[in-house]
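One chain, subunit A, links the two complexes that follow: it is found with subunit B in the first and with subunit C in the second.
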Partner chain A sequence: MTAVIAPPRLRRSAVARFVRNREALLGLVVLVVVIGISVLAPWLAPHDPNAGDPESVLLPTGSAGHLLGTDDQGRDVLSRLLYGGRGALVVATVSVAAALVIGTLLGLTGAFAGRRTSGVLMRVIDLLFAFPVILVALSLAAIVQPGPGVLIGTVVFGAVPYVTRIVYAEAKIERGKDYVEAARSLGASEPAILLTEVLPNLVSSVVIYGTSLVGINIVFTASLSALGLGIQPPNPDWGRMLAEGAKVLVTGSPGVATFPAVAILLVALAFNWLGDGLRDVLNP
Partner chain B sequence: MTAVLTVDGLHVDFPLPGDVVHAVRGVDLEVRPGEVLALVGESGSGKSVTAASILGLLPGTARITAGSIRFEGNELVGLPEKRLNVFRGAGIGMIFQDPVTSLDPSFTIGSQLGDTARLHLRVSRDEAREVGRTWLDRVGITDPERVLRSYPHELSGGMRQRVMIALAGLSGPKLLIADEPTTALDATVQKQILDLLLDLTGETGTAVLLITHDFGVVSHTSSRVAVMREGAIVEVGETAQVLGAPEHPYTRTLIDSVPEIGQRHSAGGQERRLLSAAAHTARVHLSSETDSPRPSPSPRPSPSPRSGRSPRPGGSAGLGDSTGPNVLASPAAGRPILEISRVSKDFTVGGLGTGRHKATLRAVDDVTLSVRRGEIFGLIGESGSGKSTLARLAGGLLPRTAGKINFDGTDVAAAGRELRRRFQYVFQDATTALNPRIKVGDQIARPLLRLGKATGRRQAAELTGRALDLVGLSAGYADRYPREFSGGQRQRVSIARAIALEPDLLILDEPTSALDVSTQATILNLLLDLKDELDLTYLFIGHNLAVIEFVCDRIGVMHQGSLIETFSADELFAADRQPATRALLDAVLPIGAPTTTKG
Partner chain C sequence: MTRQILWRLVNLVPLLFVISLLVFFISQAGPADPIKDVLSQKMSAEQIEQIRQAYGLDQTAWSQYLHWLRDMFTNGGGISLSVRSPVSGIVYPAFLNTLILGAATTVVTVVLGVLIGFAAGIRHGRPADRAAMLFVQIGSNLPIYWFGLIIIWLTAVRWNWLPAGGMHDLRGDGGFGDLLLHLIAPAFAASLVSMLIVARFVRAAVIESAQSDYIRTYRSQGFGRAAILGKHIGRNILPPIVNTTGLTVGSVITGVVFVETIFSWPGLGSVLLNAIAGSDYPVIQSGILLVAVVFVVVNLITDVLLDLLNPRLRHA
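Presenting the complex of A and B:
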């Protein structure tokens, strides 16, 4: 039945496959715009994001001079929104990238090491799964100053077990394939097999997973910042803005919390859409 | 006599984004009551699509764009699922290639048989069980009670296919469609299953549409045969007629590309090759440094003289016959290059975390054999006989439990770079043996650099180009990824990767069993040519006795982990062959000899 199951596949270019996925394209556009705005914030922002004006506190959305209104300290919401993505984007991307590298190395080691090493390593990873990540953030914040460092440490700690598990499972499958045995018969050493033969076959899943992981961690870092463990006041951050805006949410100023919330949602969705698109491109 | 099934001008399309693949292009077919019609063709010829469209089982987007399919006068094309279900099972039964996937893994055989019986025969639960038991008995299962309680994974492949036949047969269909019913089975089981199928359908007068790629199966079972190529039928006729005197050149190519038992590649001191669409002769030397004098290839009559099929040689053929003018016909002169002595291999199964008791499985049991320089040594046996494990041990790919394996006097397990280069391994399935994410050029070049065959990138690229050229691929293909090649081309790449290192010994693990017959012929020819050109020794593992006999000089038979006998290929028919060897021999379905079971 092979002829039925696998009709000849038409090959299309990677770009064409990506563009065909509308959501992926939308995700990419959103991210390019958001990153562009974050980079250009100093030139785009109409006001100093940290300068409060006691005269104009909690102006409604659409006020003259303050397009999205002001918060309870009289700071311009639009300016703070433009600046507020910087920390979250950098923290999420950097820490997920670090987690991917660490997790990939651990996962590969687990899959190719002997039974005992692999067993110990993977049980430790299982332990990490059971460890509440929020506790890590609290402990870190007690040791060092709350700030981007705490966020990065926490995200890396939280993401590494997942990446390791995924790489481990995939590498185990690859290990059983003939090309690994072929490489061995052609004189390749074990590290060479891992890095030059197996790793290229894992890159696509790691990249796809990593992309969605960034989306999840944008939300996660925002909540840490909202709890006061991340980006410190008065610097603008979507998570903090959300927390501060929540206080005035029901008292007639919904905009203060809503705009950063929408921004977080949009960026998180965009990363997930992008991950879907990459799946189509990398796994034709 | 009206036909049970009439297919008229059938067209099936697979729409793809931006393109349409015409899988079936105007097929006319007629299955008469009680006959066995074989539909034969290579992969991609559209034979399975044709079969699937009859029962409305086309996948996904595939569409019948024209034509009609009539079963006992009822038009099936365009019928809604509900109306089609009336014919499925009760009117037309279906047997698939792989009973592992076509039986539901979560239900017992008894419940699957019972459900089918209750659906089609409208009997009570108890009666259904009785029907199931009777049918298991009819399909030759000796302990029906145990099988009824078993799940599919607890049965062997042959048993599962028997159950499949019972499932398809118990509703008493007028037509049975069998899609490659024995392809996934061992040769020795294949014949039993085919004979069972013939007996049962003969009793009930059921017509069979048998889809296959194997002309041995065609010859053994069918009364008429239709040959398919690229979505169209090129020839239809009585089986004896078509096989004996094919009218279409494609049919002739297909038949002649299958090696038949009793045909050696070097018989009578003459080299011969299988007829194949694109015969390729290697002409280039791999590298100038190794320009040692080689035996010049003997003249090859190609196409091979297949028309005058000689009768099977009797047991008289002895070693003395192999002294022809051909240098290669006397491999006995060579000294051993690979010596395997008293080798065993145990595998540990079960143990902690598997939910089963720890047990030791002896895959290879005290095997001693030696492969002489310049010969092709064939290793044959049923699946599970340990032949692949032995090959992997010989290639140094697995640690052994006991014994010694020496390559040219040195232990393979301790082989350094220089020695490692000199024995290479070619895997059965090039699809998995090539790394899908690495360009084929790099896959050939990397070992060259690693094992010191090339000193720099430039030299490695040059040697890669030569190796590709030797296997009949353009050097420009080095930039491509494995998925851009066809199955046969991938196996060529795999061979190129091995010979680029200029080894002395190639271990070939069923190098053609995943390929179409015509592709198999070109690969076998290529291997024979390369052996002459590059002065190679082969350890050739296979399960098809005709292929092994055609290619090899000496044959070793494996059975349940042991090497039960070793003999010269000329002595295959000797009277004192072991029972296991005889079983393999009996299992071969010859194309030429017509069987008496036909109606």
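Presenting the complex of A and C:
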């Protein structure tokens, strides 16, 4: 009887732990709201985010019809803000997911390959750890044109070393455990052991780490887009809005750049909180 | 010890080779014809072929690479495609300005990072520590671009303490004091990410070190707090400081490139962004190669410093 009841109770306690962690819950709520807004932007936005109006340029926050004011082209800041997270969220999520897959494969390889392969691989990863990723962004922008592709490539390149390190460290611990030896003695092949025995034990760490990576990279790609390397105008984008608002920030219209900056900060913090909360739940 | 350092130097050769190959690859992988901007509609096929020969584009990729590498060493990377003047005249002065800002950023990173980390670490768990950690969390999630703007707005517009941008005052004497004044704000802005990384590591190192057995022993023997902090904890966290500072080179360089445009700093970041907009491959390649070499050299210096700080290696 107890055996039948135990699993749901365990699951319920995990959910309870998550809910009790106020930061994690807050993070989740913020993200659900932001993703909802991004999806529903066409219905929520009061104005066309790209339609400028020379009659109403640089209206202050709180103006009638333009709650957050307008930018130097007379575009509605609120509408641009509602649309502006779309690109950033997709780019950061897709590229971190790719980095997680690549980094996991490399980390597992490093932990289970022979000493020489492992040594070379981890030495390269160590070196890439501190690599100035801006060089990758600039190189990619020179090869393909500036755009979302540059952002994705840069984030993947920057994140893979970190993921690899984490997976490598954990997989090395797992390698020494009895269940791996047991599977091996039962005749399982190395790839089978890696994928069906070791990998499931690493997934939670990887997902937790990936969550906070998404947040950091939303911040990072925003600055890349502000420099003109990422999402291109006239698309409404938080990063672009930073650059568009830069010209008028010092001349008395701080909102144009500051609202997207706050949005970026909030989303990044939410991903961090969610990651911390997941760690408490999955790896207590 | 000397052998260790020599071995590290030898290790650089294949690394630099790979980096140079990758940088060379930029122009190969780019749009089909790197000289399309030089060509015009009116040129005959023969003229175009002549130009292709002049740029060495009729040769194999390998000999083009060797040619390019020789160019890098002898005349700094050939001729700029957009300005039609030697790349070295464009890239080197800008590179020097970036080095100046990079050095200042590193100083700010280490000084503020260590101060914040140390102050938070010795007050582990107390309000000052929690305030510092909140600052770290918010700071590391702020877009550096906006942070730079706010720094300008505060220091130059609101308080009128510092110049709003550039490297020298146009009416000034261009002296060192003037340069320093122009350095403060951009160096502080560019250090945002790296400073907080250092602060986090130093805090962790201080906490760990303060909890170790031998520190507890010193304390029980009646050694003063100041003596323990300065002499023992200070010495223990030196290697992590060097190590983390080395690890933040990438963040420092990235921060500097972000900040240069905002503060109109006449550095390599601005030059590279312009070159990308104009598909000026010689400038792009030369600039990226220079920064990559700096990265490798700083990495080497960090490794050697860590060897020197490691007592087990010092006497080997």
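Quick note on the criterion: the second predicted complex is superposed on the first by the 270 of 284 C-alpha atoms of A that agree within 3 Å, B and C clash if a C-alpha of one lies under 4 Å from a C-alpha of the other, contacts with A are read in each partner's own complex, and residues count from 1 in each chain.
Quick note on the criterion: a contact is a pair of C-beta atoms (placed from the backbone, for glycine too) under 8 Å apart; a residue touches a chain by one contact, two chains touch by 3 or more.
Bear in mind the structure is a predicted one, so any value in this text is a computation, not a measurement.
S.K.: Once the structures are superposed on A, label A:Ala261 by its partner contacts, choosing first (subunit B), second (subunit C), both or neither.
M.R.: Touch partner of A:Ala261: subunit C, not subunit B.
S.K.: When the two structures are overlaid on chain A, which partner does A:Asn272 contact: first (subunit B), second (subunit C), both, or neither?
M.R.: second
S.K.: Per the contact definition in the header, classify A:Glu55: touching subunit B only (first), subunit C only (second), both, or neither.
M.R.: neither
S.K.: Is the number of subunit A residues in contact higher for subunit B or for subunit C?
M.R.: When the residues of subunit A touched by each partner are counted, C comes out ahead.
S.K.: Which subunit A residues are contacted by subunit C in one complex and by subunit B in the other?
M.R.: None.
S.K.: Please name which positions on subunit A make contact with subunit B in the complex.
M.R.: 1-5, 7-10, 12, 20, 177-179, 181-188, 192, 196-197, 200-201, 203
S.K.: For subunit B, which residues are in contact with subunit A within the complex?
M.R.: Interface residues on subunit B, with respect to subunit A: 14, 16-19, 21, 23, 43-49, 52, 58-59, 62, 96-98, 179-180, 392, 395-397, 417, 420-421, 424-425, 427-429, 432-438, 446-447, 450-451, 497, 501.
S.K.: Considering only the defined contacts, which subunit A positions touch subunit C in the complex?
M.R.: Subunit A reaches subunit C through residues 127, 129-135, 138-139, 141-143, 146, 215-216, 219, 222-223, 226-229, 239, 242-243, 245-246, 249-250, 254, 257-258, 260-261, 264-265, 268-269, 272.
S.K.: What residues on subunit C touch subunit A, complex-wise?
M.R.: 15, 22-23, 26, 29-30, 137-138, 140-146, 149-150, 152-153, 156-157, 164, 246-251, 253-254, 257-258, 261-262, 269, 272-273, 275-277, 279, 281, 284, 288, 291-292, 295, 299
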